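Two complexes, one shared chain (chain A), two partners (chain B, chain C).
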Partner chain A sequence: MRPALGRHLLIVPLLTVLSVFFVVPYANMVAISLMEASHRAAYVPVFTISNYTSLIESGFTWGVIWHTLWLGALTTAICLLISYPVAWQMARANSRTRAALMILVIAPLLVGVLIRTYGWMILLQDSGIINQLLRAMGFAPLHLMYNDTGVVIGLTHVFIPFMVLPIASTIQSIDPELELAARNLGAGPWRSFRRVVLPLSLPGVMAGTVLVFVLAVSSYVIPQLLGGFTVLTVPVLVIHTISELFNWPGGSAFAVLFFVITALVIWFYLRTIGRVTHAG
Partner chain B sequence: MTGIRLDAVTKRFGDAVVVRELTVALQQGELVALLGPSGCGKTTTLRMIAGFEYPTHGSIYLGDRNITTAAPEQRNCGMVFQNYALFPHLTVEQNVAFGLEMRRIPRAETRRRVGEILERMGLAALKHRYPRQISGGQQQRTALARALVTNPGALLLDEPLANLDAALREEMRFYIRSLQQEFRITTLYVTHDQSEALVLADRIAVLMNGVLQQFGTPLDVYHHPQTAAVASFTGLTNLLPACIERRSGDQYLLATRAGPLLAGGPPGLAAGAEVLLSLRPENLQLHPSAVVTDGSGCNRLSGVVRERTFAGSFVDYRVEVAGDVLLRVQAATGVSCQAGETVFVAISPPAAWVVPRGSV
Partner chain C sequence: MQARRLERVGFNVVTTAIYAFLLAPLVIVVLSALNAGTYLRFPPQGVSVRWFVEFAHSRSFMDSLGFSLRLAAIVTVVATILGTMASLWLTRVSGRFRSALQVLIIAPLAVPGILTGIALLLFFYTLGWRQTGLADLIIGHTLICVPYVVLIVGAVLARQDKTLVEAARNLGAGPLRTFWRVTLPLSKGGIICGAVFAFVTSYDDFNISLLLSGVGATPLPIQLFDYLRFSFDPTPAVAGTISIAITALVVLLVQRLIGLDALYFGKK
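Coming up: the complex of A and B.
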């Protein structure tokens, strides 16, 4: 009993931090979302579900939610396509190459999100470096910013490490002899990958895709700066509702609603992938 | 008809020569053990046959087909890996079916062939289990079934018993041998365990530092080793420095520090050559000095018992002869000599074998 108790005590600091900085604010937000809005104070302490009913009844809300989920899914898919080969290389490379790749992959995280995003703006804007080059070569300029393209580029860039690292660590744990065994049994390189490495790396893919999706749908700075006001996502709209319209209950309700929807999406996703894995 | 043939195969990794000019031919249906200490190049040789490595020079043939540069999936060599390399996400049945699916065998036939071999290997009851849910011996049999079900042109086994406990290892030797006989499949069996090689193989190829030392039947390799290294690697032996006096019939008369001795050996050794005399401990007889034997055909060395260890089926003696040479003698428990006793060690000439003096 005693050692077990001692072990349990080890998680107390984290539990404290989580309750103070996570559970309490969220509980508070849920509470606020059930209060009446007011122009004189953050909220009026009168219980109502009107914040939710007006959200759910508004087509605009669902449009923004749908668009946010779509941008998140697109970012996740592109991240996965770019990251999987890198992760595979990283897992199968010698330690020196692996270290070099690791630094390259993590590099985007070494620069703060604002600076990195301004960097993208310099590259992507209509008079930016890419368009100057295109013009110099005689091509028509591309609209790469203040639209979905810009947002997806920015999000993909920053979230690649969150996709690469879990996938690489899963692939690294797959015995390379399994690939040789598959080849020995008559599978070419592609089939040995598809039948052996890919299914065994799915846990890493699951971790990476969920991480990137959650981070992408909840990011604020990148959609705000690279999307301008043409790309409306839930976080952008929540912050706008709270800080511009001073509608704390409305913003809170929107955040809570979106939290529930995201959780459902991820639950469905994990369940589907889980079924596929067990069937294969 | 040859099953597998290696023709002057050399493999270099950078500056290191791992396999040097290896030429070996396995007959169709023959089981050859590739025996050697770790790092001798035996696993590299196997991987070159499987196609996981390519030779720097030389050619590899499977039957009449030159497979030197063929991709692994085009070789049709079944392989059993040391750690079995079973697919952890597939059941026993799916593991065994994998090779047939890759060959696009019709589903009904796949099912039939997988069912048959699972039955033959005693795995039918486990076919829906995953590899992690079965024992080491069962994993071993699954790996064998997976390799054999495709009717490969040859079977490659990489230290297949190394991960099993001693009792099971003993049992699996006979199992693998009878399976190989049943399938009449040309088999290359890589091992560092000489007793495994002696028990299992039709012929043994002894590889050391990438060089083939000897290729012959277990009897031949054990009793007539061609180098001192082979003599000491294939079993316990005493190596006694000696000098050839002359050839007498099919034997050599040798001068040793312990006196003149008669011994067998490869033909062609010149008088005056410095050699080593290999004496297997179990081929030496120990006689108390009081017992007078007629000594005909027997070489006798006089010595003193320094140590006596009971080892179950025999007694292990260390006998000092010629002042400073310690001989190990393993005698039946019936003979009993005590430490400190003066004894005769009797060596029948066929049991003594001359090997060239070289690096051990």
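Coming up: the complex of A and C.
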């Protein structure tokens, strides 16, 4: 029995760290969201649900939540459109080409989100590279930053790798012979894609879309730097409530509420897709 | 056949454009750091190391760079040890407890980093720590770096021949000796890759650090964020170029050691 016991010692350190510094802090945050806010202390240990009720009754809150979900959905849709061809090409390439393409997709992921956002700031500003090029070609400059456009461009760029990798890995497990058979039996490229590849790659699409949506609605840097003060999202407002207004119970309640709403949206999305595919 | 070739060419044009979109901001950051003028213009105003000198003379940027490197080094050591031990455990057990723990280990990557930052800030305050700083950042970063170590080392261990370990044990080697003489040398590549990923994740992290940084404990991304909110010149591009250079090295290293391909598709 001794070796069995000894083996479990391997997990004890990490389990301790995760329990004390991950599980407990989250529970603590939920607890604080149910306490009274105060001007004198971070919170007063008195139970109340007023943090939640005042959020739910406020039209402003719902406006920000709705806008955040909309930006997330738009980003997810554009990411999917852009990532699918890249994923297909990667999955169907020989192993040398695949390694090269993989490097191109993963490299931006390893450069911090802040640096990539800064790159977009240089490109998208009113006096930025894109507008300089537009002017040089005689076009009117575009307003690309400090609005939703800039935020969606930034979010899409940052999260593409999270869409490409799961889709590529499911496409790779589809037998290429199936596509070839469909084409040889007379199906056009679009039809063979829609009837053969797309349905079989659906698990990858589902994983990718959920991942990108979660990351997009919880992003803070991009709406802050590319949206300026004009684009208000839930993470921006939560951080403002906590670190500038010092209303910890209010900020925690907003974070918990939005977490629950996001989970519901994803549950509804997965259920709908499940139904559609089973019916079709 | 002609039609299919045309399809292929069209398709490759589209994907090339997408790759250009993916790499554009990185290329722009490097160009902007090397550009002589204050703003990047076309045509560029010549190459210069002016902004690198500016960066090296900035006290706040250099302090943050040093702090970020120190933080990432500590987190790498902690995360690699915890993560490797956990991976070894995961390969040796099975059952419901194992799956639950697997979920728990990955969970810090699945929940928004910003949220974990808030939870930790509130928790440390509740504990009575009134000043955030190095210790808080080490804890926060460890949470998000361990999953990478576990995933990568786990992938490498899964490909290993289990009979080698059994053979060592049957020939009389104890568990520790087997680990040092058999398992460790065989999984060295994976452990190094895991450590490298942990280092980069910590070095580049923004979300966890935002609320946990403190006086004299500001990681570089937070310093850059504060700077960019109020001013805009190419000094941050220098930090970006350093970061891109580190990334290029990491990618080459990982590719050489275990191959990125094996990493993300699980099996060949």
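By our rule, the second predicted complex is superposed on the first by the 257 of 280 C-alpha atoms of A that agree within 3 Å, B and C clash if a C-alpha of one lies under 4 Å from a C-alpha of the other, contacts with A are read in each partner's own complex, and residues count from 1 in each chain.
Keep in mind that, in the parts below, a residue touches a chain if its C-beta (ideal position, glycine included) is under 8 Å from a C-beta of that chain, and two chains touch if they have at least 3 such contacts.
Note that the structure is a prediction, hence the values are computed from the model and not measured.
Looking at the shared chain after the overlay, A:I266 reaches neither chain B nor chain C. By the document's definition of touching, neither partner reaches A:L232: not chain B, not chain C. Of the two partner chains placed by superposition, only chain C is touched by A:L110; chain B is not.
Note on chain A: of its two partners chain C and chain B, the one contacting more of its residues is C. By the document's definition of touching, neither partner reaches A:A93: not chain B, not chain C.
In the superposed pair of complexes, A:A77 makes contact with neither chain B nor chain C.
Of the two partner chains placed by the overlay, only chain B lies in contact with A:L200; chain C stays clear of it. On chain A, the positions that touch chain C within their shared complex are 3, 6-8, 10-11, 13-15, 17-18, 21-26, 28-29, 32, 42, 82, 85-86, 89, 95, 98-99, 102-108, 110-123, 127, 129, 132-133, 136, 157, 160, 165, 168-169, 172, 189, 214-215, 218, 220-221, 224-225, 235, 238-239, 242-243, 248, 251-252, 255, 259. Of all residues in chain C, only 7, 11-12, 14-15, 18-19, 21-26, 28-29, 32, 39-42, 81-83, 85-86, 88-89, 92-93, 101, 104-105, 107-108, 110-116, 118-123, 125-126, 139-140, 142-143, 146, 175, 200, 203-207, 210-211, 221, 224-225, 228-229, 232, 236-237, 239-240, 243-244, 247-248, 250-251, 255, 259-261, 264-266, 268 touch chain A in the complex they form. Of all residues in chain B, only 50-52, 71-73, 75-79, 81, 83, 85-89, 98-99, 102-103, 146-147, 150 touch chain A in the complex they form. Within the complex formed with chain B, the chain A residues making contact are 175, 177-178, 180-188, 191-192, 195-196, 199-200, 277, 280.
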